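Common to both upcoming complexes is subunit A, partnered first by subunit B, then by subunit C.
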Partner chain A sequence: MKLKKEASAGTMDSCDINIRLENNPLGTTNEIHLKSIVEKQYGDHIRNLISQVIDKYGLESVVVNAVDRGALDCTIKARVESAIQRGLDQAHTLEWSVVHHE
Partner chain B sequence: MIEKTFTKEMGPEDFHWQDILNLIEMNDIKLDPNVEHTFGIFKEDKLLGTASTLSNTIRSIAINSQEKGSNILGELIHEVMQFLYDEGYSNIFIYTKCESAKSFEHIGFYEIERVESKVVLLERKPHGIKNFACYLKSFKTTHDHVGAIVMNGNPFTLGHQYLVEYAASNCDFLYIFVVDSTHTSFPSDDRYKLILSGTSHLDNVYVIKGSDYIISDATFPTYFLKRPEEGTQIQTELDLKIFGHYFAESLNITKRFVGTEPYCGTTSLYNEQMKRILPHYGVEIVEIPRKVFGTDAISASRVRVLLAKGNMKDVKKLVPESTYQYFKTVQGKQVIEKLKDSTSRH
Partner chain C sequence: MRKHGKQIKIYDNKSKMVPSLEEAIRKSGLKSGMTISFHHHFREGDYTTNLVLKHIAALGIRDLTIIPSSLSKVHEPLIELIKAGVIKEIHTSGMRGKLAEFISEGHMEKPIIIRSHGGRARAIEAGEVKIDVAFLAVPRCDEMGNASGNGEHTTCGSLGYAMVDAEYADTVILVTDDLCEYPNMPASIKQQQVDYIVKIDEIGDPEGIASGATRYTKNPKELKIAEYASRVITALPEYKEGFSFQTGSGGASLAVTRYLREAMIKDGIKAGFALGGITQPMVDLLEEGYVKHLFDVQSFDLVAAASIAKNANHHEISASEYANPSNLGCVASKLDFVILSALEVDKAFNVNVMTGSDGVIMGASGGHCDTAQSAKNTIIVAPLYRGRLATVIEKVTTIITPGNTVDVLVTERGIAINPQRTDLIELLSKTNLPIVSIEALVKQAEQIVGKAAPISFEEQVVAIIEYRDGSVLDRIYKRG
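Entry: the complex of A and B
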């Protein structure tokens, strides 16, 4: 599946993460570009989390520009998920009762 | 308790406008005179930072020195980006001093090009310029001598056509990059189409839309001003380095053709800079004297003056048939009506 449009979620405030999604104009691979104040400790962990949410939606060839300010895992997942919903034009049709968080 | 900050758009009528100007001055920069929107970030009524925009570029950014090390820059830029994304832009550029580049890389911007110890241009799309270079490579030819013209064509005249014909006969293959700006009298798409139809008789010419990376509000905002001003020199250098580094390299361009520029100070400065910078990228500059009709050179500005006066008889002598036919369309007529009301240059 591909995004219908570019989309963002989250802020650059402390304890949050800002996500910007767009389709990858070249190739079919997903790219994650992360800037984080805790890159050394959690960089790979954050990239994994983002990648998991993208895979859950079956998105292909998406570019993620993420700016992390020390967000918790739940925040990261929620921000990525919101951005995807917006990018798929589903932000207002989301059925919250079936949103599943493992 | 943490006091919440807020960001708002500012204008000269605002109580805090002088604070904005002072803050910018304290950071040893100036408020770019071409900006369209200026924002301030406040805590209660104290100004902590400011940033301005011109199309999809953010510039004249200044943060209160007491806030250095805080996250004010991130909060402010996030708000401004949100504004620009809502305006419909998909990429965002930042124009800043070299020593500040790192701060913007930390908030998800990527460097395109810099003029050492002067300015850096960054963009929000990771690999934006590299992807554009790949896109350009899809038009690459196998010819030996490849030339290029960067053209505004506002609108396309017999002068432009002469330049293109001359260039096309002096290289094996010619690319024309059309300046993609909204500051021109004729809309970008129309200018592109007029160049296409005005060059359709030449089979070694390919016309490409110029994108944000050549003579745009990001690379060279003062191109659209008649007089060169402080900063124009640096902008031209930035624009030409990007051309050399990405355009010329991707398409193996070895010649860039330009018309001589007797009237416009900004363009003649650009031409001078071209001769200085582009040879470093293996690009030779070929300056071609302009085609003359009557006693004066044919130029787009001359055509616009005639259009504004409603003198279609003389206009017909200066433009190809395809451009002339366009003036009769609904869209062409709309632009002519606007020209009659304004006196802008490009």
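Entry: the complex of A and C
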């Protein structure tokens, strides 16, 4: 699946993460560019988590630009999902009663 | 063992006034390889350290050891002086910002030495460090060198750290921007201690020295922690008429005073003295009669700085009087309670206030280990985690205060008591405070933030942490 448009979610506030998504014009692979204040301790973990959410939606050749200011996992997942839904023009279509909580 | 003796000099009836810093440096006989000192009462508003070092560098003097009482972000220009070989060694309580990053990256040949405020006073008195020339910025002084902390342009209140340097440095140079008529009394630094005086246009930025008044935190986490800490204090037997306490800096720590005040009013209990780092809330307690005496080594805000000049029971004390472990009793040794902040606390109750969780220097030792060891009850206040970094962890990055001097850890999600304090466990278990084990707090924090990848260090030592008695407590390594 491809994004219908560029999309973003989240803020630059502390304890939040800003996610910007766009299609990768050059390749077919997903790219994740992360800037994080906890890069040393959680950088790989956050990249993995973002990648998992992207895969769950079956997105291909997407570029993620993320600026993390110390967000917890729940925040990161929520921000990535929101950005994806917006990019798929599915904002406000979420079925809250069936949202899967891990 | 005897105290280090300062060189005896006799007043020659000549003027102590010197027209420029450059000439004062020349007259002091400062040479390459010597040791000079500064104080940090001006905090982020300090102009003097950078200015003096610039003049020293221009005179071609090199390989200096500098022992400021502490360093801040404003001291970034020291990086160039280290690179140029002007500064060879640094002894300080702490450092922040670019300079701290530079040191953490291992750019200095000799590791810096970190001392607590009490430990610095001890090392100077013992002659472990000998100050050749002290350059002390003072908000006001007269032509003979009677100096005080409240001047026309700048105000810092207590000059407690500078008092030690004035007493033990072979040569004392005062730098001021408010030269007043003789005599300037009461004085913190006395004329018989002072060699030369230089008047310059500006010794500091009043904005950076002290804020108008310490603002109360509105952070609900910090308020909850402060409330718990206050309830711990009031549940203990030392909380009675004439008790004593100190609060460190940091939102939660400062807010404890507010909750404690309410409890004191309700219980009709007055404190004998408060110590520290004095802030407006403590001055309020003094003026309302809930605290009888304030001992002030460092005034944290302008309200405290003004109070020292007007309230008879607001006493200025030197760093030695405050926390030196090698004298006949520092004021800290009379403390019933000390409430201190932490960047990290580990399972053994060791506390780190020096390095961030990424291993970079970003704080100061201050009076943390001094008061923790001295006070009857040491209470650490800290959120369980900040952002996504856990505060309560397996092992602290750097030990500043050993766990055997810490009694209680208060977080917003539970209170842990050091197992060696069985008396406190028994007393506090009877209250409805949420008492938990420190292991449970570590686990809870990790469940929320996830397991952090270990940070890597290289072999080079960039800083040596001295305990207050001079023993080596820990080392900071170059970050990988």
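As a convention for this text, the second predicted complex is superposed on the first by the 102 of 102 C-alpha atoms of A that agree within 3 Å, B and C clash if a C-alpha of one lies under 4 Å from a C-alpha of the other, contacts with A are read in each partner's own complex, and residues count from 1 in each chain.
Please note the rule applied: contacts are C-beta pairs under 8 Å (C-beta built on N, C-alpha and C of every residue); 3 or more make two chains touch, one makes a residue touch a chain.
Every value quoted in this text rests on a predicted model; they were computed, and no experiment measured them.
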item	value
Which of subunit B and subunit C A:13 touches, first, second, both or neither	first
Subunit B versus subunit C as contact partner of A:69, first or second or both or neither	both
Partner chain in contact with A:94 - subunit B first, subunit C second, else both or neither	neither
Touched partner set for A:1, first subunit B, second subunit C, both or neither	neither
Touched partner set for A:42, first subunit B, second subunit C, both or neither	second
Partner with the higher number of touched subunit A residues, subunit C or subunit B	B
Intersection of the subunit A residues that touch subunit B with those that touch subunit C	14, 69
Subunit C residues within the subunit A interface of the complex	357-359, 386-389, 448-450, 452-453, 455
In the complex with subunit C, residue positions of subunit A that touch it	14-15, 37-38, 40-45, 69-73
Subunit B-facing residues of subunit A, complex	6, 8, 11-14, 18, 20, 22, 25-26, 31, 33, 35, 63, 65-67, 69
Of all residues in subunit B, those that touch subunit A in their complex	71, 74-75, 77-78, 81-82, 85, 90, 105-108, 110, 124-127, 131, 134-135
